[in-house]
Structures are given as structure tokens and as C-alpha cells.
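Chains: A, B, C and D, in written order; residue numbering restarts at 1 for each.
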Amino acid sequence: MTGSIFAEDYGRLIVQGADQPGIVSRVSSVLAEHGANVVALDQSTSDPAGGRFFQRTVFHLPDLSGKLDELNQALEAKLVDDLGLTYRLVEAKRRKRVAIMVSKTDHCMLDLLWRQRRGELHMTIPMVISNHPDLGDDVRQFGIPFFHVPVEKDDKAAAEKEHLNLLKGNVDLVVLARYMQIISGEFLDEVGVPVINIHHSFLPAFMGAGPYQRAKERGVKLVGATAHYVTEDLDEGPIIEQDVIRVSHRESTRDLQRKGADVERLVLSRAVSWHCDDRVIRDGNTTVVF
Amino acid sequence: MTGSIFAEDYGRLIVQGADQPGIVSRVSSVLAEHGANVVALDQSTSDPAGGRFFQRTVFHLPDLSGKLDELNQALEAKLVDDLGLTYRLVEAKRRKRVAIMVSKTDHCMLDLLWRQRRGELHMTIPMVISNHPDLGDDVRQFGIPFFHVPVEKDDKAAAEKEHLNLLKGNVDLVVLARYMQIISGEFLDEVGVPVINIHHSFLPAFMGAGPYQRAKERGVKLVGATAHYVTEDLDEGPIIEQDVIRVSHRESTRDLQRKGADVERLVLSRAVSWHCDDRVIRDGNTTVVF
Amino acid sequence: MTGSIFAEDYGRLIVQGADQPGIVSRVSSVLAEHGANVVALDQSTSDPAGGRFFQRTVFHLPDLSGKLDELNQALEAKLVDDLGLTYRLVEAKRRKRVAIMVSKTDHCMLDLLWRQRRGELHMTIPMVISNHPDLGDDVRQFGIPFFHVPVEKDDKAAAEKEHLNLLKGNVDLVVLARYMQIISGEFLDEVGVPVINIHHSFLPAFMGAGPYQRAKERGVKLVGATAHYVTEDLDEGPIIEQDVIRVSHRESTRDLQRKGADVERLVLSRAVSWHCDDRVIRDGNTTVVF
Amino acid sequence: MTGSIFAEDYGRLIVQGADQPGIVSRVSSVLAEHGANVVALDQSTSDPAGGRFFQRTVFHLPDLSGKLDELNQALEAKLVDDLGLTYRLVEAKRRKRVAIMVSKTDHCMLDLLWRQRRGELHMTIPMVISNHPDLGDDVRQFGIPFFHVPVEKDDKAAAEKEHLNLLKGNVDLVVLARYMQIISGEFLDEVGVPVINIHHSFLPAFMGAGPYQRAKERGVKLVGATAHYVTEDLDEGPIIEQDVIRVSHRESTRDLQRKGADVERLVLSRAVSWHCDDRVIRDGNTTVVF
């Protein structure tokens, strides 16, 4: 057994569903029967009476790849058929393939590319897609393909079709790293993988245009950012991570935007990292982050 | 000259208005001509071209009380008449008289009473007013009068009239420390002193009923609080202070409320303290906090 | 099954020791065999290869009190004898009995008494002990016994003997809520329960006398607090919780102390709350906080 | 008058020294006599009785460059000769020239280069110096010269001599962005410009080797970073900025280092930005940050 839980023979099992007595024990015994040793386990229940059950288990199992089929069969029988739960079984060594979509603003994208290069993120980045050509050089310096897909105002569908051609089958996650175009419900249905977005956040919220200017006019003392899964309700999907930074009257609207950018890149990179490590369990419009 | 800027012979001068060349110099020379020594000075301009000007000056002037009249005359002439500015001149030794209004929840009120007893707040608390009798014993243990003014659903005006009888002329500030009744525009006009409120805050905002429950359902990672001046637009007045605290899926809606309460009392006590030290300058719907 | 994990028939099982394959499964099956349903489970290993194992399990078991003996026998056999682990089995309904020791400064003590009164802490407070009489009235207003035990400079042993008379057998935890006397190793041995302390913290540390003054002289931008278990090495025991607050050159040494006090009370009350819920597992000089 | 306080004809005046009555007024009248309009003013006194005085004034003065000499003469006469103060007069349009020194770790350096390219920092970066060749390509992609100056263990003086050849007369500030060599007192004397360093910080401090490992062993809950001016006492110079980030037992020593790196780059870039805007006034071993 090596020291890294991202190495060969480490697996992750995510289980969720309606809570009922005995789930933890059932999961443990399935794993034990197949020779797996639990390395880390997080479990949570939304309510001790009639709530939702969530469990993330990291385990070590020699020759995991060769045993995936039988393990899946056992989990299917004992968790899905018997208890009506759902599960995901993941080999830790398989890095998620993450596409980044971006417009002109570089801070979130650069932070992801740079963390990836220094080995902080357990993922690959097969491509960056942008509706502008500006960031192409920056991306290619990291050895990553950059695809420029212009979005015409009166034919967004054409661009989304090209996006789908590039993405489908090639990626496990799409990250909108300050991609300033609206994503259609059709795209979300078609792409078939989760989409994570980052957007600025305030207390209270300033909906609509010019939020930093309006936050400034109200004298807000904190600016923040929220990373969330994208759903058809724009900016309303389940929250993965949030953070804020303190501001004051000394700072201009532009300063507020810059501080907001500092929070955005931190929050987005945490959210992407946790997603790639299967730490985020989505449940309706909320999340459990282990 | 003693070491405390809250002692005899210390004054505070707040100046605000349309920015124009020479204001700082004008203020300095008026103070210098009267023998005042500037101890601390904060100045800010909302925009170097055509913005709003704000200045808070703390000064020491022997026999300040005796010289208030002549100082006011000079300021009136040189700042108001000549430059069209407004100003406030305050003796630091005069503690603001602060009424607390509260319903049943004690955390914000107790925090103010504790800090007051400990000498942290430069103010007096001549009364606590509540629409419920529950907190009377707690208040009176601090030697502070407690007035129970029930609010009848169909005659709120009667209660507000009694509030005004208690407050008018007796206080310099009203603090709503979790007072769960709506304050009318008439009350705000009549009472003639600023009113500070504290309320929970989220990113994004959850307007309306049950915000903690709805924040929980969306998976928020931060709960916060905002202290603001009360205007006729409920919860929309200029912000004095805000802060947040981190939460997770492990916490129930009730836990979120408790963490929110911890933030509320800190944020409110900071806002009240800064107001009492004349650190908060209100300008339309925003604030400058020096 | 009720909705509260602090009610009748809820238990907590803390297991720790050298990591080895199969512990989670073993714990699960012991609990399942006795009819217990796992409600929440946190597990951690300090290192996947040859590390230390920690697990906290909350479970529901009808007639828990009546089944404690047989459950203990099973755990003794299957965890201690077979696997060389240690465990603690706790009924959630049994509130820990917590003595507070304090000198003259009230902020940490008041925060604990007040949270206890409003039902935030799952504990009882059978007594407050102080080397000064000053806080007696405050304590007794909460209906809690206050014992004044003066500490003579040349006979500290006499005071500690009286402390032990008051504490031994009567409490499950001692909290030093700004108790400004050094605790001897003999006292720690004799009292037989954990002792939690709170102390100010800076980056970097300012050891010795006058830390706030020295922090001020170095221009620190953050002041903080650390809650830790007390060991014979003063202020060097395992850390339970820490936090900081931002300060600036505008604040005097006294302001720094006040802001530090705000952090101290929050950090200490979190640490005490987590300890009482058996969320803190001590392992040598470190802690795991679930 | 344009809208940016970094444009032509904007100046900054920093005044400091022993407090005495009338300094603010004196500074204001000198500026007013020369036709300058105060745009922003921060003033602070370490103690109202016998303390140290600090003032930063931003002003607008048409044809500032042409009037520098006469303004300097007036300030010399009225502040230095009459009142024994010291001052610095700076044209805002003159960007400070900042050299970065770095070893192999890229996070602090890249953050500065990114922010510089994005226009967030009012400075130029004439060179990056490293004792390793590794980061050369990264630096040159930004169009910035990279000089590799190896440091031989037994002849550090030779390297420092080469450093001085590169730096002297060419830069206004040296930033040690994770430069892992000790800087000699001779170098500090010779280089003649301030040197800013960033280092990790903990509560409490863990001096010496392996601080993250030791922090982990003690169970710390926060890791942080401190940016400070370098003095002969290594890591003991006046603090400019600090911040922390929360960690838990779930994180390995390596995770702690990564989170520490996130704080380091934020804290260093804030410190450098404030220094370049003349917001940091150094006074003995402390700082005032306006």
C-alpha cells in the first residue's frame, strides 16, 4: 500500500439515497468481503428521522481495476436492488478530464492552469474553449489546446453545437471560468457532464447589471464569490463553495472588482478540486461537501 | 493633554459636501486659529473629479466647552456659508444616549449591555424598550430601565406613539437589537435621531420568510449579518458593517441560526461603537466608515 | 426515532488506535449486530500507510441504557482484545458536567454561561471557581454555584487541594476561562478529567509578558486565540480551535486586547461545545476534530 | 483634473516625526500656497500625548513636475527645519521599479507578474533574479529580463556583489518572492532601497526547520503568511500585511503548504501594491498602513 490515496488500487465509493438503518454496515461489509480496506470515510444524514443519506468512502483494494466488475455487481445487488440507493464507484487513479470555457478575463483560468501544472489538481485539461481569441497564447504556453468558437448574437445554437462536438465524450466536467455567455438548457442536457460556474456574490445580492457599482453605492463591506453547479435557472444551482473578502469606502468600484477576482479564483479552484476528488455530492438543489 | 481621545477638551469635527479645492486647508486653518491641535484626521473623496468630500478630525482644544460657540460661528461662516458644506461638531466627552429596542431574542442586546458595562462603548443606555416582557429581568440587572410596550396588531400607531414619548429628547440613537416589528416612516421622521438595525445576510440573499431554511436547502457555505441605518425601505438602508461565518452541510438550520447570531452580535456592536465615536458618515444610501 | 441526536437512545462511539485493514467494517458489524443504526460517521487516518485511525460514530439504539453492558463487552472483545484499539462509548443524553475556573475577566465565562442558558451547549455547569470574588454575582444570577478559592502566592498547593475537593467526582471537564494562575502537573494528574484553556495568539508568537504591547510594537495585523488541552507544558498542549481577527495601526494596545477578547470567547465556546459532543479526539500532542 | 490619482499632476506627500500641535495645518497651508488641492488625506498619531505623527496626503497640482523644486524647498523649510519632521514627496505617475528575487517556487512571483500584466500594480518590473535557472522561461514570457545568479555556499559574497551590480540605481524596491537565501546586512546597507519578504506564519510560531510538519503535529487550525520589510534580524522586520487560512486534520502537511502558498501570494501582492502606492509608513520596527 503506498502513501497516496490517488495511486493505483485506491477507489472511491459515493453512496446516497433515502436514509434507513444499516446502510453504513452494508457498505462496509460489501467492501470487506471483496478485500477492500477503508482508508477514509465520511457519512452524513440530512435529518436523523427520514432524511437523506450520504457516504463517501476511500478504500484500498489490490488489483482494483481487475475487480471493478464484481464489485459493481455486488454494489448493484446490495445497495441498488435491496435498498434503493444510488452509488458511484471511481478509481482514484483516473483523473477527471476537465474542459475550461472562458471569455476574456484570465484570472480564474490562469489559476486553474497553474495549479494543474504544479500538481495540485487531480485532473487533466484536454482543452480550453473561448468565444474570444485573446487568451490563446496563454493557454498554449501550458501545452493545452485552445479552441476559439465565436458566438454570434443571432446564432448561439451554432456555437453550442460546435461546443458539443468538441466536448462530448472527451470530458468529465466543464468549468465556466468567467465565460460570459448564457448556457442553454439544451446544452446542459446534451453535454451529459456536470458544469461548474463561478460568479460574484454580495450580501445582499445585487441582481442584474452593474453589481459592483451598485454594491459600492450601498456601501457594502464584503464582496464574495460563489461556485455552483449550473442548472437551467441561471446562477441558482447548488452551491459548492463560497468566500468573501473585506472592502471599504476607500476602494473604487474597480478595486472591488479586483478583490472580487481574488476571491473568485480561490473559490473556483477549491470547487473544481473537490469535485475532481468526488468530495461534492449533489442532492437536488443542495450539496454535501466532504 | 491626557492620553485619551474621549476625555475633556477633545472634539470631533465631521465635514461633508461637494468636493472642491482647499477644503482640508480651510478646516485646518479654522481649527488652528482657535488653538486646536489635530490628533487624528481621516479624509476621503468619492471621486477625485466632481466627487463628494468627507473628513473626520479629532482635535484637542483647551477649554473646548467654553469655546464651542465661537468655533461654531467660524465653521458656519467658513464651511457652510463660503463653501456650501455641512458639518457636525461634537465634544468627545459627551457620550451618546442610546436606546435599545428588542423583542425576545437576547443575543444582540446582551452583547451591547456587557460591552457597555465593561467600558468598551462610549455611550450611555438610558432605556431598553421591548414589545415583550421576557427580557426585563436581564436588563434591570444591569441597572438599566426596561419599558414593556406591547404592540397590538391592529394598532401599531399606539405603540409607536408611546415609543416616541419615551424616546424623544432622551436619546441620540435607537438600536434595533433584533426588534421584530416594522418601523413606520412616520416614526423615523418623528424620532429625529438615527436608527440602526441588524439583520441576517446571505450570499445570495434569501428574501422573505424562512431564510435560514432556504439557505440550508441551497447549500450555502457562509451565513452573515448586516448592520445598517434604517430608512423607509426596510432592510435597504446604508450599510455600516457586515461579516460572515463559515457553515457546512453538517449544520442544521438551527445551527445556522446560532452561527448567524454570533455574527449578528459582533457586527451590531461594531456598528454601534463606530456610530458613537462619529466614525460613520452617511451620504445618501452609502456610508464612509473611518 | 426522534429528530435530535442528543435524545434518549442515541449513542456515540469513539474509536482510535493503529490503523489496520477492516476496522470500519468491524465497528459497523458490532453496532449492527446489536441493532444500532448509524446516524453519522466520521473517520480519518493520519496516513494511509501505517498511520493512526480515528472514528466517531453516532448511532441510534432502542433501550441503549439497558444494552450498554453487552455493547461494552462486545467492543472490548472485538476492538480492544482483537485489534488493540481503544474506544469510548457515550450516551448522548448524558450531558458532561463542566466546571469553569476564572479570575477577574468576564468575557469568556459570560459567553459560556449565556450559551448554556439558551440551550446551545450540551452540558451542565455544576460550579464556577475563582481566585477572586468579583464575578460571584454574575455567576449566581445564572443559578450556578460560585466558589471563591483565594490563591496565596506562597501556598498554591492549599488552593489546588481545595479545587480538587470541589472538582473530583463532580465534573467531567474543567474549563479555564481566563484563569490567570498556573496549574500544576500534580493537579492535572489528580483531577482526572481533561482541562481546556484559552489563550491569546499572534503571528508570530510573542512569548512572555505584555504580548499585546509587543504585537503593537511590531505592527501585527491579526490577533487571535487558541483553545487547547492543558498539559504540563504550559500553553503547549494539543490545539482544539483557533481563530483570528484583523487589526490595524489605528487601534491601541487596549483595542487589540478587546478584539482579542472577542476571538477568545468564540474560540473557547466552540472548543467546549465540540468537546462536550465528543467531536475532539486527542492523539498525543495533536487533535482530530470531527 | 482627470479621474485617476495615478495620473499626471497627482502627488503624494508622506510626513512623519514627533507629534506636536499644528502639523496638519502646516502641511495643508504649504500645499494650498502652491495651488495644490488635497484629494485624500490619512493621518494618525501613535499616542495623543507625546506620540509619533504620520500623514499621507494625495494632492492634485497642475504642472506638478515643474513645481517640484519650489515645493521641496518649502517643505524643507516649514517641515524639516521648523518642526524637525521628515517627509517624502512623490509624483504619482512615477511607477516604482521593482526587482523580484526568487528561488524555485513560483507562486508568489507568478502572482506578481500576472497582476502587473493585468494593470493592478502601479510599478514596473525591470528584472527577476534567481539563484536557479528553473523559472527563466516563465519570466521571459512576460517580456521581463531574467538573471540567473547562482549562489555558491562558500562564496555568497560573490553572488551578492553581482546582485548589487544588477540592482543599484535600477530599482526602487526589491521583493523576495520566496527567495531561499539569507540576505546579509551588508547587502541591505548597499542596495539602498527597501526589501520586502514573505514568510509563512503560524499561531503559535514554529521556528526553525519543518514548520508545516510541526504545525501539523500540534494540530494547528490556521496557517498564515506575513509580509515584512527585511532587516538584519531575519524574519523580524516591521510587518506590512498578514493573513491566514483555515486548515483541519483532514489535510496533510503538503496540503498545509499549498494552502499556505495561497495565503503567501495574496499577502505579498497586497504588501507590494501598498508599498508602491506609498501607503506603508515605516517607523522603527512597526508600520502604519494607510
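For the reader, a short list of remarks on this structure follows.
As a working rule, contacts are C-beta pairs under 8 Å (C-beta built on N, C-alpha and C of every residue); 3 or more make two chains touch, one makes a residue touch a chain.
Note that the structure is a prediction, hence the values are computed from the model and not measured.
Set side by side, the interfaces A-C and A-B show unequal numbers of C-beta pairs in contact, with more at A-B.
Residue contact pairs shared with C-D exceed half only for one pair among A-B, B-C or B-D, and that pair is A-B.
Distance between chain centres (mean CA atoms), subunit A to subunit C: 36 Å. With centres taken as mean Cα positions, subunit B sits 42 Å from subunit A. Residue positions of subunit D touching 2 or more other chains, listed in rising order: 44.
On the subunit A side of its complex with subunit C, the touching residues are 1-5, 10, 21-25, 28-29, 31-32, 37-45, 47-49, 55, 60, 246. Within the complex formed with subunit C, the residues of subunit D that make contact are 44, 46, 201-205, 216-222, 224, 226, 235, 238-244, 248-250, 284-289.
Residues of subunit D touching subunit A in their complex: 106-107, 110, 114, 118, 120, 141, 258, 262, 266.
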